[in-house]
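Same chain, two partners: chain A is paired with chain B first, then with chain C.
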Partner chain A sequence: MGLTLKDVDKVVGREIYLKDINLHLEPGSRNVILGRTLAGKTTLLRIMAGLDRPGRGRIRVGEKDVTGVSVRKRNVAMVYQQFINYPSLSVFNNIASPLKLAGLKKDEISRRVNETAAMLHIEDLLDRLPAELSGGQQQRVAIARALVRETDLLLMDEPLVNLDYKLREELRIELQEIFVRGRAIVVYTTTEPTEALMLGGNVIVMDEGRILQTGPTPEVYRHPASIRVAEVFSDPPINFLKGTVASGSVQIGERMTIPLLGHLRALGDGAYTFGARSNHLFLTPNNEDDVKIPARVELTEINGSETFIHARYDDFRLVVQEKGVRHVAIGSDIDIYVNPAGFFAYDADGILAAAPA
Partner chain B sequence: MKVRKRSIALGIYYFLLLLPIYWMLNMSLRTNASILATFSLFPTDFTLENYIKIFTDASWYMGYVNAIIYVGMNTVISLTVALPAAYAFSRYQFVGDKQMFFWLLTNRMAPAAVFALPFFQLYSSVGLLDTHIAVALAHCLFNVPLSVWILEGFMSGVPREIDETAFIDGYSLPRFFITIFIPLIKAGVGVTAFFCFMFSWVELLLARTLTVTNAKPISAIMTRTISATGLDYGLLAAAGILTILPGALVIWFVRNYMAKGFALGRV
Partner chain C sequence: MEKWPDNKAWLLVLPVFVIVAFSAIIPLLTVINYSVQDIFGPGQSVFVGVDWFREMLQDYRLREALWRQFLFSGLVLIIEIPLGVLIALAMPKRGWKASAALVTLALPLLIPWNTIGTIWIIFTRPDIGLLGAVINNLLGIPFDHTASPLDAWITVMLMEVWHWTPLVALLAYSGLRAIPEAYYQAARIDGASAWSTFLYVQLPKMRGVLTIAFLLRFMDSFLIYAEPFVLTGGGPGNSTTFLSLYLVKIALLQFDLGPGAAFSLIYFIIVLLFSFIFYQALQRVGKGETV
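Up next, the complex of A and B:
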């Protein structure tokens, strides 16, 4: 059964948490809510779960209106950012507790608990108490408890945020497989674009309590409908260059004029903002269409396999993501190469005017 | 040298602290004649007579029994009332919740003497005078607010998400509360029970005012040692020692959580 939210608002005090949320989630779909902190992701999730009531609007499961129906009577499961388990129960009883409450038979319970535990590689820990487990294992228990019920709706609120990098990678891959196997509508919130891309499915980009864009994840990534979506859906931050289109070319800053090529040819005269993700900026030319941006280096970051070079051209701050370790002296002048064929063009209102095909 | 200095200071502190208790123990093991006659650091004419009297004379040992009965009742009542109340204060927002929470504590600010007369008048009119439940209920006036405060602190330390997860899993509120939540704050429940026990056990004024004979606690009976023939020092000391014991025993059980309890669970 699909989940539909219609005109959902949530205002607490004078602060708007959610505004005009309209969503339809297909049965069995994977949905990633992507947004920065305070975008309203958790609030939306809690309303979907039935933990909070929306200020206005209706929530339907299939054809049934469930607005205001107690969370106990909903068929949902939820995993929190914190590792939430029942500290006084063993891992087995933690996972079994929703099944016990549902009144299942003993052998059925133990079959399903063992099955789910094996899926999450915690089958050897069933006799332990949650406090005796590592953070990653605790979160696996919480996920197992959410999965074991086979609910219609599975909500995960940044479940991997509190884990270290290695565990996060590992669990992310496993979750992908688990999601594909399940029949539930999965709603997964994250602040990280890479995580959204890895999990696939649909993405719902949120900002300041509103939904900015929805659609299949790769589609949204390639066509961010507004400047804000492009910002939220890019890490490291997307580079923006403001320019003016006139008579077949673009003037960017004082020293740069580039001809309109490919998809950019469709642009009419006027002021535009051009966006290019940092992995499209290079220190060496790759293509004859590349344009050269003379810039001054302000900072370099090395994260092991990649180097981020922060530079400035006129008033534009640029980030170049280069593979490997690069040593670039701070304050030196460099040339940055970028192919305009990869530019997103946004009009004066910040709406996507042209995107690479 | 530093450590040495500190241990000396600590030694002096413990000496001063334990001296009166030792002196009481010393007195309880001597006869009145010996107590009044000579100064001695240890019992010269060792006797258990004082203790034997307390354990054989019903008017004495019933004092302990009465006290234990009403203290137990009070602890149970206080916890039963305070657990749901503290949960409400910790988890829900309602009109006047903060004010009400503070008002609870103001009950502890008034001296017991203020309430002695109204309680006496009220209880005598409904026939509760000289019953265990009378004292137990009267002590609730102090212990329920304190319990609510301590428990609320402990409960607020438990993440709300545990409650929500339980409700998502299908627990009803009472079932969640008893099977999941209370085990989580059992240290808090223990500390609260200890505080209830302590306050009720040492409270003299209300207990004495509201009882005559049937429910008279040990602290009131101890005043009987003063009579026309003088003061029965040995007996009084023995009764004192026996009064300290239960408290010491309970402190032993909750020793690890005491500090948190004194901070009303907010550590």
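Up next, the complex of A and C:
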């Protein structure tokens, strides 16, 4: 059964938490809500779960209106940022708790708990108490508790954010496999574009309580419909260059004139903002169409496999993402190469005017 | 290599050692010293070995006081711990109401102990006391803690519960407030009832603070002195003579320093022993997360 949200608002006091939320989630789909902190992701999840009532609007499961139906009567499961387990119950009883409350038979409970525990590789920990487990193991137990019920709706509120890098990678890959196997609608929130891309499925980009764009994740990544979507869906931050289109070329700053090529030819005269992700900027030319941006280095960050070079051209701050460890002196002048064929062009209202095919 | 390293670091430990020596070690040694001597006056004493201990252990009044003390502490724990948790559960969670409730609750804890005894003397007087007059005159039930041992016990218990339950409530409240909202949500999503939520979320999460509350209330109630001393003076008869009241009678009113010192040591060992047993037991109950 699909989940539909129609014109959902949530206002607390004078603060708008959610505004004009319209969504339809297909049965068995994977949906990643991508947005910064305070974008309204958790509020939206709580309303989907039935923990909170929307201020306005309707929520339907299949054809049935469930607006205002208590969470106890819904078929949902949720995993939180914090590792939430019953402290005095063993891992087995923790995973079994929703099944016991649902009144299942003993051998059925034991079969399903063992099955789910094996899926999350915690079958050897069933006799332990949550406090005796590591953070990653505790979150595995919480995820198992959510999965064991085989609910129609599985909500995950940044479940990996409190884990260290290695565990996060590991669990993310496992979750992907589990999601593909299940038949529940999965809704997963994250602040990280990379995580959204890795999990695949559909993405719902949110900012300030509104949905900015929805669609299959790679498509949204390749065609961010507005400047705000491009900002939310880029890490490191996307580079913006403001320019003016006139008589077949673009003037950017004082020292750069770029001929209009490819998809950019469709642009009419006027002011535009051009976006290019940092992995499209290079320190060496790759293509005869590349344009050269003269810039001054302000900062470099090295994370081992990549180097981020922060530089400035006129008033534009640019980040170049280069593979490997690069040493560039701070304050030195460099040339940054970028192919305009990859530019997103946004009009004065911040709406996508032209994107590479 | 230098054979005698610079030992100046010991100087840093010295203040602590001096404080502990004067606050604990020297007084304790003095008591031990008294407990093995018969003291007639300054400089006149005879070593008597463990005679005083033997005498005290055979003293039936001490045994009576000890059983009275266990009954009292037992009742205190049975009443105050659940009542404190109930109050904490019923308290407002946030806003000015929470602050108001906290201040109101803390008031009995701020009153000097002697004053508490005095308050309850007046409160329960059959002629002018609010509670005493209501029970005697309006309800027509004779109630006088100076005459009836049962009435005396009821009054002492009421006073003790009124005085110290707020402490348990405050501790339990702090434990409850420390539980992240997500736990309650998770329990709701699982379909858990309020009772299951209490049993499997709130109670285990309060385990740490309740252990502290239990031990504090045990020790304090076992050592209670000022309030019953003011309220009943141990009477009527010996019915509310708790261990500390009897100890003071021996050591200070009769000035039997030797037996008093032996009594003190026995008293001390009992408190220590039971605190240890309770702590060990509570560590095992519902083993989970320490808050």
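Convention: the second predicted complex is superposed on the first by the 357 of 357 C-alpha atoms of A that agree within 3 Å, B and C clash if a C-alpha of one lies under 4 Å from a C-alpha of the other, contacts with A are read in each partner's own complex, and residues count from 1 in each chain.
Throughout what follows, a residue touches a chain if its C-beta (ideal position, glycine included) is under 8 Å from a C-beta of that chain, and two chains touch if they have at least 3 such contacts.
In this text the structure is predicted, and so the values were computed from the model without any measurement.
In this superposed model built on chain A, chain B and chain C take up the same space, so to speak, and clash. Of the two partner chains placed by superposition, A:Leu260 touches none, neither chain B nor chain C. In the superposition on chain A, A:Ala49 makes contact with both chain B and chain C. Of the two partner chains, neither chain B nor chain C is touched by A:Leu25. Of the two partner chains placed around the shared chain by superposition, chain B and chain C are both touched by A:Gln82. By the touch criterion stated above, A:Leu126 is placed in contact with neither chain B nor chain C. By the document's definition of touching, both partners, chain B and chain C, reach A:Leu101. By the touch criterion defined above, A:Val71 reaches both chain B and chain C. Once the two complexes are laid over each other on the shared chain, residue contacts for A:Ala39 go to neither chain B nor chain C.
49, 51, 71-72, 76-78, 80, 82, 84, 86-89, 97-98, 101-102, 145 are the residues of chain A that lie in the contact sets of both chain B and chain C, per the superposition on chain A.
Every residue of chain B that touches chain A in the complex is listed here, in rising order: 159, 161-162, 164-172, 180, 183-184. The touching residues of chain A, when paired with chain C in their complex, are 46, 49, 51, 71-72, 76-78, 80-82, 84, 86-89, 97-98, 101-102, 129-131, 145. Note for the complex: chain A touches chain B at residues 49, 51, 70-72, 74, 76-78, 80, 82, 84, 86-89, 97-98, 101-102, 142, 145, 149.
If you check the complex, the residues on chain C that touch chain A are 180, 182-183, 185-186, 188-192, 196, 200-201, 203-205, 207, 286-290.
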